[in-house]
Each structure stands twice: as C-alpha cells, then as structure tokens.
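One chain, chain A, links the two complexes that follow: it is found with chain B in the first and with chain C in the second.
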Partner chain A sequence: MGDVKVAMIVQKPQYKGETSRLAITHAISYQTVEILLEDGETVTPKLCFIGEGVLGLQKGQNAMELYGITSTESHMKNTLLVDLDVLVCKEDLDKYGIPEDAMPNADEMGADKTIQVVPFAEIQKAIEEANHVMFF
Partner chain B sequence: MGKLAIGCFPGLVGNMTFDFAMKLADAAADKGHSVSIWFSGNATGSVKAHQKHLKDYSTGEKPLLALIAKGVEICTCEACTVARGVQKPESIEGVQWNAMHWYLARVHAADRVLLIGGE
Partner chain C sequence: MKLGVFVSDFNLTVDTLDRLKAEKLGIILVQNGVYHATTKVSGKASSLLDKTQNLYVLSDDVQIRGLKVEDVDKRVKVVNYSDIVDLMFNDYDKTAWL
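Moving on, here comes the complex of A and B:
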C-alpha cells in the first residue's frame, strides 16, 4: 500500500498524562518514517483534538521557563512546521470557552499550515477516511 | 495470516493493561499472526532486565522473553526509555530500541492496528 492514512485522536489534555503528548510526537515522526519504508510508501497522520483534548493547546505557554520542559504549544508549532494536518473540534472549544484565536500558529517559523478549527463532522470524516484510527 | 501492530503505552505496575497487551500478543502469535509491539511512555520501563517477579506485581521480563522467542517483534522508544533511567545494556535481550517512526512503519505494514493507551 502506498500511502497509509492514520487518524490520531487526542481525548485528554497533555497536562493530565503523557499519552496525549505522545500522540503529538508520534504524529511528527511521520517525517522520518520513510527511512524504514520502501520507495513510494508513506504514512499520513491527521492529528485531531476532541473533548478534553482541546484543553492545553492555547498559546502563551511557559513550560520551558517554569518546568524546563517543552510546552505543548511548542510541540504544536512543530506539527505545523512539518506540514501536519491538525484539526481541533470547534464544538469542544466552544464548550470550554476557548476562542479560536487562542490556538497557536507557527507563522514566525515560516510554517504554511495552521491549526484547523473544524466542526466535529470534519473530524468524523477524517476518521472514516483513515486506514487506521488511534485514540490517545 | 494477518499482521498486527500493537502500540503499548501503560506502565508495568499499577494496572493490568500492560498484562492484557502481552496476553493479546501471545494469543495472536499462537494463531499464526505476525505481531509487533511498540512500547512508549511508561510501558518502556518494562524492558529492563533482571526484574524480580514478586507475586503482587506484574512482571514484564517473563512474557517479553516468551514473546520474543515466538518471533514477536518488540521495540522500545529510546527517548522514553532513557528518560526513565534505563540504558540499552540493561535491556532485556532481543528488545529493539528505536524512535517513534518504527511504530509508524509497522502501522504501514499492518492489517490491524491497536493502540493500548497509558496513563
């Protein structure tokens, strides 16, 4: 199979457990998977945040200054820099009162992609189109 | 037969999820399926050799060695593992060490993918 689509669904905030942060780094690793695949084979993840997973994505995080670790915001910028599709559920952002413009971007790093705030129906579509679905 | 790629994230001690992943892999291998297991997060603590199997605690060493003997591919996330103070020479023999793209490569080849989440 040439391209394998993977929907990575994050349901928990990164500050409550390591797994949801690992979803982000596993998605980013699609950039280097080709060294282990045959020519023409690719893996294309879509990183989707739903439910409590939308918490903790906001810009302005100071994890490095306060805890000496990479912030979720920094990880999110890296996802955009490596051209990942990142979908955040609009209904869940609304539910928690988080405005769309609180989502970080990586414009200053030259990223072409931005976080896509979308209705859940779009995330459902990503799930349906995927060869494999992972829930983090 | 099919190819099964299992991502395993839970810690060895504190729940039975890790044990379930091992049992599932064992059953699939017994049926003749090709099985790979990727350890990430707290599951990487399970690859340290010379675990003492106290009866009140789950053990990783015994089932991992049995699975490796059956041909199950097992790989641990190097970054997650060294972050927990486990170095490669201390690892159970036969466990591979690699980065997250190892799992994605097995996902690419797999007929079925399971991600057994952690804490």
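Moving on, here comes the complex of A and C:
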C-alpha cells in the first residue's frame, strides 16, 4: 500500500455545523490509524482550509468559557502538535481581511509545525497529489 | 407585521431575506451569521447590513470565534441572550430563523 495521501478540504466555517470540526479530528486520527497498518504503510493527511473554511481559525477563541466546548483554536494546536500539514488559502484570508498573524500556533506547546498560509495553487497541488480527497 | 429574523449563516440567506416583507424588520445575527457584522469581503461590508436599521448581533457568538466586539460594524447593536428574549417578546410579532 505504501504511503496513502489524503487531502481534507474544509470549506465551511466552524461551530455551526459539525462537518468542519470533524475534518480536524479526522485528520488528527491519522496517528491512531498507523497502529493498524503494516510496516512501511503510512497515511499522510493534509488539512486545507479554503473559502469560508478560513473563518473561525483566528486566535483568541472563547468557546470553553462561553459554551463549555473545546475551541477550534485548541484543535488546530493539536494538529500542529501531531505534525500535521495545515494549509490555509492566502487569497481567502485576504478576501475576508484576516491577517496571517491571526492564525494560531502551538509554539508554547513545543510544536515544530506551524500553519502554512499558501496560495490556492498549493492547495490545488495537494489535491492533485492526494490518493483521496475529502471535502467538509 | 413586525418580523425579527435570525440569520445564522454567512452567505446563504440573503436571497430569502430579500423576499420577506415586514413593516418593521429586525435582523438578529447569531452563530455564523455574526460574520455579517464583523467581516468585510474584499473590503466591502455585508449588503445585509443595508436591509434595515434594526440590526443586532449576539455577543457570545462573536467572542467564541475569536472576534472582538470592537470589530462589529457600528450599525449593529451588540446584545446578549437576555436582550434577544426581550426583542422577541417586546419588539416583534413573529420571528424567523434563516
């Protein structure tokens, strides 16, 4: 089987529906899947945010304080902690006036990865390279 | 009819809103509808904010998304849950959820 690349594309904003949140938790679960695989087999997800999916990624979310639920921000930090590649569409951030430095990071938790703000062409490339593409 | 409309999505409901007629229209932005009050698309504020002068946004739903109350368009009044209950009972005959 070798390496199976999965592109998970989030195109809906967070919180109202579950699908955009599920994309993040599904992507994180790739580490659990590895337990079930044979030697030499890997699954490599890329989590990509486009369109309205880039909304709701900003730092400073108060989900636990206000609604008693974990925030998307905390989930994004977990994706970085487990070394997931996270791509956010630069054109869509610009469209909504969201600065790149509003993206969360997990530096304080010791993560090596950071969110990559990239042109849509990079996300298109991830889609083309993937064995499976999932839209959320 | 005095109609209070809850808008809970960002881009999906404006066409429906155009068809609703009311002598007094109130728009209450909740859930992902709060982006109408805080976010400009390509530098332009949401056209929904031109539909009425009675615009409200739920504070908790702004803050949960990492947005700030200061980012809310000046035309929109920031309200809490209790204020929304008052609006529903005192200001509008009917409410709709889009």
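Annotations
By definition in this document, the second predicted complex is superposed on the first by the 136 of 136 C-alpha atoms of A that agree within 3 Å, B and C clash if a C-alpha of one lies under 4 Å from a C-alpha of the other, contacts with A are read in each partner's own complex, and residues count from 1 in each chain.
The definition used in the following text is that a residue touches a chain if its C-beta (ideal position, glycine included) is under 8 Å from a C-beta of that chain, and two chains touch if they have at least 3 such contacts.
Here the structure is a predicted model, which is why all the values come from computation and not from measurement.
Legend: residue contacts after superposition of the two complexes on their common chain; A:D83 is shown touching neither chain B nor chain C. Shared-chain residue A:H26: touches chain B; no touch with chain C. Within the superposed three-chain model, A:G97 lies in touch with chain C and out of touch with chain B [touch as defined at top].
Touch criterion met: A:N62 reaches chain C, while chain B stays clear of it. In the superposed model, A:E52 makes contact with chain C only, not with chain B. In the superposition on chain A, contact is made by A:M134 with chain B only, not with chain C.
Once chain A of one complex is fitted onto chain A of the other, the partner contacts of A:D107 are absent, as it touches neither chain B nor chain C. Contact residues on chain C toward chain A in their complex (touch as defined above): 8-11, 31-32, 35, 39-43, 60, 63-68.
The part of chain A that touches chain B in the complex is made up of residues 1, 4, 6, 17-19, 22, 25-26, 28-30, 32-33, 35-37, 41, 43, 45, 132, 134-136. Listing the residues of chain B that touch chain A in their complex gives 7, 9, 40-42, 80, 99-105, 107-108, 110, 113, 115, 117-119. Residues of chain A touching chain C in their complex: 13-16, 52, 55-63, 66-67, 71, 73, 95-98, 102.
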